[in-house]
Every structure is written in structure tokens, then in C-alpha cells.
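Labels run A, B, C and D following the written order; every chain starts at residue 1.
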């Protein structure tokens, strides 16, 4: 057994005093947004306005994807048996793994590996050599029959979230080598005649690389983003469906608000 | 078995189109904050600026409470055995129940019961009668030896989050009968000579009553708020502590950033 | 905070010594069955041969129910996303609640309530009065539109596990008032012309009442029994199906061993 | 989306008929033990008497280890917050990973690798070469600073479960190359002067290798074995401890049955 003192640097608690990374929580309340608080608790500093807007976009992008994802199905399977909210959410989160939401860390690693090789091979002209590196990488994945993390989607051939994330990353000056490298990978794939486009995991991965977020936190972003969506599904299941029903995902019908546009232009 | 079509009103998915409560997700990205998206996905409408600021304050208030809460301990217990991030988070969420984080729904119900009795008994002069109702309620809880949900904390005798939440709720014009009723309850308890103050669960409960959030969503707010804190703890455990350690919570030491003030005044 | 010493009476650990309820574990290994050890750890004593055989029958009865139960679906939903075994099992267990596997405790309570009323009303002639009590109970459930726990099944109109459990309980001399009462309830329902038969949860509940198992342990029996079934499904999913597949339960086909008889007569 | 029919070979369900791997469940009830049913559902066949006795010993060996393991702590952390039984068990199971209970699969792989190299290098005289292979393996683990899976325990320097498992495996004629190889590994470690003995995970791993159980099922054996122990702890927590207590594992005191001997000799 290990009896020695251990350290934590997240939150300090004293009677009637709660300090998050050094700040009194009541001083932050009403002043910073939840997204800024997420940045603070994960990195130790309140992110600046641009990073915050990028984080908001990432979190909004993945907040929900309807009833078909395995995490949503597992959460509803749990809810229909009478589980409380937290247990249903846990079942959902347990269904976010390598093949669903969990490709972000793998894709970040792939991008970082590529960037490493890039800088080693040809430090001054990464652009010219990156195509070569991308080709080698894709050939090695094909040879070992591994899925390319961050590419392809069972519903979307051209994911609208990817386009928007890259646009924002450019606009906010966040896009750097990571975004460039994954786009190179996509181009190289396109050259081979395959239609395999960057999915939202891949786009988030590239942006997180450029934001300097550690890989080990990557999948947590998807989980944090998706949690409110899971809450909405569990609540809908609990309040509108009979218990112990046979959930046939194929037979669902959307009957929510009709198509509408968001016209508030406050950020642009 | 039940083969009939079932309805969902949260998100509509078509190839290359994702609509959250009617809005294209890519239109929301970069324009609304994560908190606004949480409001949208849970209620169907993007909350206005005041409600958003209140929601942000609620979510920030509960983002973390150091290493001692059972949810944090369970998440770290899981992480030290080598669990991946999502499994550790699930273990943490499974430890958020009636006696930790989960009193919000119970407290909302208690407030709503009191308000109901108030309006039935004396519809025109709730203020004068609410003290009577509060007295009866407290006597009935004492008689049945039930804990009063939303009151008392094992560390804080005067929770700074409670004070700040009520201040903001007043400032933003959100505080109504719910906040008034829980304050009445506290005053009545104070008159009996006991020192039992409103904790953060109680404060959130009162504000959610006044915002019209359904009780069944109440505990989800605590879970959504606390998730980033759990992420930070699991990440810290994974990256700074040896595996399979004997976690003695009493022996922890805070070694994070020193006390600092948040001086950005952008909201005030 | 509470610093006082707390007690546990399950297992005593010293260096190189593990005592389960007083017994050295290595003395039990090779001598008692897992089921006897389950009895020991839960009740403090090794059950006798008849009780052990009854426990075995209960555990065997609920070991699996194919791919359709929500717990199996949630476990497979988790597995298909790449979750490790333990996370998939946890997702499955989280989907065992009031409406699936979790009716055992509710049904035990209903039986015990009925037995209580029975002995209060008419201590000497429970048999004659139990029909009356059963009638009242069913009327009260119908009036409040509550499901009768332990009755009905979405697939089986006459559950073969129920028949067998009752037969064994009679044969082993375990069936007492609990089994009698649930059969009375079934008869009374039959008299009303409804076809609602005792399901496996109800049968287990009645037998557990007669074995004196506490209600709070009831659902645990279903969870312990079903765990190996969940293991088999997760393993089958991991080893025979592609990742991130769209699991349509309706489209499954059984391709396992053909119908066969168990001819070993060692117990009879 | 993939609409094709998929196969399962575990359990076939028809109205009023449940067949486990081909057998009617009611025919198995009362005839086979739970352990035999576990063997059946996992492998497709009812294990013979010797294998069943070995499986029983494995399951009994790991049924509980007192209050200190992380899985027990996580389950109690969850229970003290008011979680239902199944959620507390899930939290416990989520804390069974690589460094706690989860070394079985890793150790099996290590043993199998060693056996492979053994037969490749020197097919006819494995015994003489296995020491060499064990030495190489240990040097490579030391070089990469990896833990040797299945060796060492934070409480036991000589685990009584290990000794008993090996004794039974010999007695039942189950011990083969797997048990031999892990013993060779231990001897080679002993020669280096280190005191690192085979723990229960290692012993189970060696026996499972010799029983031909697939690696991917290995950790499931520990989880199935430990579940009843977790049930006992959650039940004890729920029924004997106050809610939301501060669980200090160091301050626990065993107050269960005194030391006693198991004198039933029915198997020997």
C-alpha cells in the first residue's frame, strides 16, 4: 500500500470556498460561459475568445445525431427498462468507443505521426513532402486492412459539420498543420478514385491537434458534446414512450419542429 | 412485440443534413454557444440571453468540487485500474444519485408541493401564508426523519454558489416563487435555531422551478455540469498517478494555481 | 466528514490469508460449487443441498434469453462500437431495471404484502381468505393502472421456466406460502377471463420469498444469472460481427446447435 | 446501413420455448449447476465433471477480496450516494481493468507467446528450452519497464489461491504446458533474486490456457466470479451504513464470522 501524499491541481476546497484552477467559483459564475469553464478546468486557463468560439463549435457540432447511433440506442434500451436518467446516460457513454465517437484520438495520432515524419524528412518544405507521406500512410493502412480513423460515415458522404469546422478554424486563425495534413490525406484518397471523406471525428481531431489539446482528452470532447443529446433522448423515451417497448430504430419518424433557419447574425 | 412507427422530435437526419430541433447544425456552429445548444436540444428553443446566462451560471457552479465527492472517487477508482476515459466517466456518473447531486429533483418537488399548497390555501396572499406552509413541511420532514432535500452540506456551512445563484436569478429577473419559497424554508429553519443552509442543489432546484424546467431533467443538469470536472480528474489520474494505487482521499494535497481573481468585467 | 471506524462482515484479508465469511478461500476451492459460494457470500452460510439445487435452478433459468432483451441489445450496442468486455457488460446490467429482470423485488413485496394481510385478517385460515386478498389486490392494481409485477411476458404465454421452478420448489420442499400466494393470484386473474400468467420473475420472486432471501437482494439474482449470457453475446458480437454495424434485432437468425435433449439423469 | 440477416448461435427463442445452445432451459434446470450452465453458454457444450470442478474453483477463488479493491470501492462509492443495486454493480465492473482483475488476458497472451516460441525454437524438447525463453521474456519486460502480468500482489507475497488452483489443476489432470510455463517464469524470476510470485490472475490465466478458453473470454471469468462479492458489498453498504458517508477504507474493521474450517469432505 502507498500511504504518501498525492497531488491534485484542479480544484481547491475549503469550508465555504471553492477554487477552480485558482479562481473562486462564484466569481466565475455569471461571467464566463460553460464552454470557457470547460476550457479552464481541462487546461488550467480560460481560453481566449477565438478558442472559445472554436470549442463551442466543436461541442455544438456533436451534440446529437438522432436515434440511430449505438450510444443513443443503448441509452434508450436502458431507459425503456425503467432505468433512472444517470444509468441510461452511463449506458450511452459506454457505447462511445473506437468505432463511434472514439476515432478522434486515433485520428489525432495519425495526423501527428504524419506531421512528425513530415518535419523529419523535409523540415523546410513540409508542403511538398506531405503528399508523399500521406500516400505512404494510406498504403500502409490499406495493406494492414485498418480503417482510416476520421474518414467515412455510414450516412453522410459529405459531412456538413466537417466543412463548417474547417471554415471556422480558418476564419479564427486556428487551422494549422493538422488541418492541412488531414486535407492532404483526403486529396490523396480522392486521387485513388475512392470516395472517402473526412467525417466529424476527423475534423475535430485535426482542429484539436492545431489547438494543442492532448490526445488523451480527445474522446472526452465527443462525450461532453454528446451528453446533452443523450439527455434529450432519455427524457423523450421516459416521457413519451411505453416502458419495455421493442425499440425498432428503423420504424422511427421525426415529428419535431419543421425546417427553420437560424438568422441571428450576432457573431458575423 | 410492437411494430408500429414511433416518433422522435429531437434531431432529423438525412444524408448530408443534420437538423437539431429544425435547425441545420452547421448553421448553429460558430453562432450559438454550447449552453444555448443545450437549451435548444432540451427544450426545443434557443434560450434568450438572460436564460442562457442563468444556465451558464448553473453549469459553471457545479463543474467540480475537488477530489472528495463519491462521483470523483468512483471515476478515479476506475481510472487507476486502467479503465479508458469513457468507462471512468460512466462509473462517476453512476455515483450521482439522491444523496449526491441528485437532490435537485427531490427539492424541486418539495418546492412545487409547497407552492401548490400555498396557492390552494390562499391564492391571493401567498407571501403571508407561505411561512405557515414552510413550517408544516419542516415539521412533517422532521416527524418522518427524512432529509430536507437541498439543505446542508458536509463541507460548506454557507455555500458561496447558493448566494451567487440567487443574486444572478434576481439580477436577471428569473427569481420568482420558487426562489422565494426555498428562502422562506431556510428562514423557518433558522427560526428553529438550526443551522441548515441551502446548498447548491437547493439553489439550482429553486431556479429551475422558476425557469419552468421539468423535474425529470433536473438531475441531468448536475450531470452535464459535472462531466467536465470528472474528465479533468480522470485525465489527471491517468497522466500523473501510478496505476493500481491505493487512493486515500484524505492524503491529497492541492498543488495547482495559486489563488487568483477573475477581473474580466465583460458582463457587468 | 465522518472519521469513525466502520464494520464489514463479508471477507477478512490478511497477508496471504483470505477468509470468506470465516472460511479460508483455498479450503473452499475444489470443495464447494460457485453457487454454494454465492449462497455463502450473500447469506453468511453455505446453503444445504436442497437450497443449493434451488439456487442453481434459479440461476440457470435466467442465464439467457436470446438477442432481443434490452440488456442484450445494450451490451451489443456497446460492443459493436469497440467497447471492452467489462464496459459492454456494464451497459447490459444498466438495462436491467423495473421492467426487465427488475420486477422480482416488486413482486416479492406484493407477495409479502398479501401474506401479511392474510395473516392479519385471518391468522388461522389463510387458505380460505387468500383468494379474497388476491381479489382486492388485483382490483387495486387495475384501479391504479399499475402493472402486476411478475405477470405477463412479451413472448411467452406460458413460461416453461415458471412451471419448472414451481415443480422443483415443491419437490425440494421449499415451496411455502409465497408460491401458494402467487398461484392464488394467477387463479384469480384467470377467473376474470384474462390470460396473464406468471413469468420467470414472478416465479423467482415467490421462491425467494419462501427461501427467506431479503427483497433488496432479489434483483441481484437476476443480474448474477444473466451475466454469463451477456458475456456470451458480447463475445459473439466481438468475434463474429463487423464493428459499428447497424444491429437490427428483427433480422437475426439462429444458427447454433440443433435441438437436443439433456439425458443425464444424475439428479433424478 | 446494413440490412442483411445476421447470425447468433447462443439461444433460440420461440413462444414458450427457450433453447440454450440447443437444450430446453427447463430440462437443464434442476439438473445442471450454474457453473455447468456457464460452461455451456460460453463454449457450446456442458463441461465434464473435472472441467466443471476446475471452473468452480476458479470462480470461488475470486468471489471476493474484502473492501479494498478498486472495484469494491467504486461499487460502495456509488451505493453510498443512493444508487440502485445494478448501477453500483456496473460502477464496480467498470473498475475491473488491466491493473485489477484484467491481467488474466494479458498473462494468457504472454504464456501463449512463450509457448509458441518454445515450440518453434525447439519443438521436441520444450522443457529444456523453456527456461531460455522465460529468461528472454523477463529481460524484455524489464527493458521496456512493463509490468509482468499475473505476477505480484499488493497484499499477498504468496497467494493461497494460486497454490490451490495449481494443486487442483494437477489433481484433475488439467495442468499442461500453460501451468508449466508460468511456473518456469516464476523460477526464473526467483533466480534473479526478486520476490515476485504468481498472483491469482496469473494462476487463472495458466489454467485457462490449458483448458483452451479463448483469451477474449478471460477477463469475463474474473468479472463473473467477482459479481456476487460486489453484490454482498453493495447490499452491506445499503443496509448497514448511512448514506453519503465519507468512505475511508483504512478505517474498516472486520466483524463477521470468526475463523472456521470447512470440514465437508464430499469431493475428496
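Methods note: a residue touches a chain if its C-beta (ideal position, glycine included) is under 8 Å from a C-beta of that chain, and two chains touch if they have at least 3 such contacts.
All values reported here derive from a predicted model rather than from experimental measurement.
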item: Chain whose Cα centroid lies at the greatest distance from that of subunit A; value: C
item: Between A-C and C-D, the pair with more C-beta contacts; value: C-D
item: Where subunit A and subunit D are represented by their mean Cα positions, the distance between them in whole Å; value: 36
item: Inter-centroid spacing, subunit C versus subunit A (mean Cα positions, whole Å); value: 40
item: Geometric centre distance via CA averages, subunit D-subunit C, whole Å; value: 24
item: Set of subunit D residues in contact with two or more other chains; value: 1, 68, 84, 86-87, 90-91, 94, 96-97, 102, 154, 246-248
item: Touching residues on subunit C, where the partner in the complex is subunit A; value: 68, 70-71, 73-74, 77-78, 80-83, 87-88, 90-91, 94-102, 154, 243-244, 246-250
item: For the subunit D and subunit C complex, residues of the former touching the latter; value: 1-13, 15-35, 37-38, 41-42, 44, 46, 53, 55-57, 59-61, 63-68, 84-87, 89-91, 93-94, 96-97, 102, 155-161, 163-165, 167-168, 171, 214, 216-217, 219-220, 223-225, 227-229, 231-236, 238-242, 245-248, 251-262, 264-268
item: Residue ranges of subunit D touching subunit A (in the complex, touch as defined); value: 1, 84, 86-87, 90, 94, 154
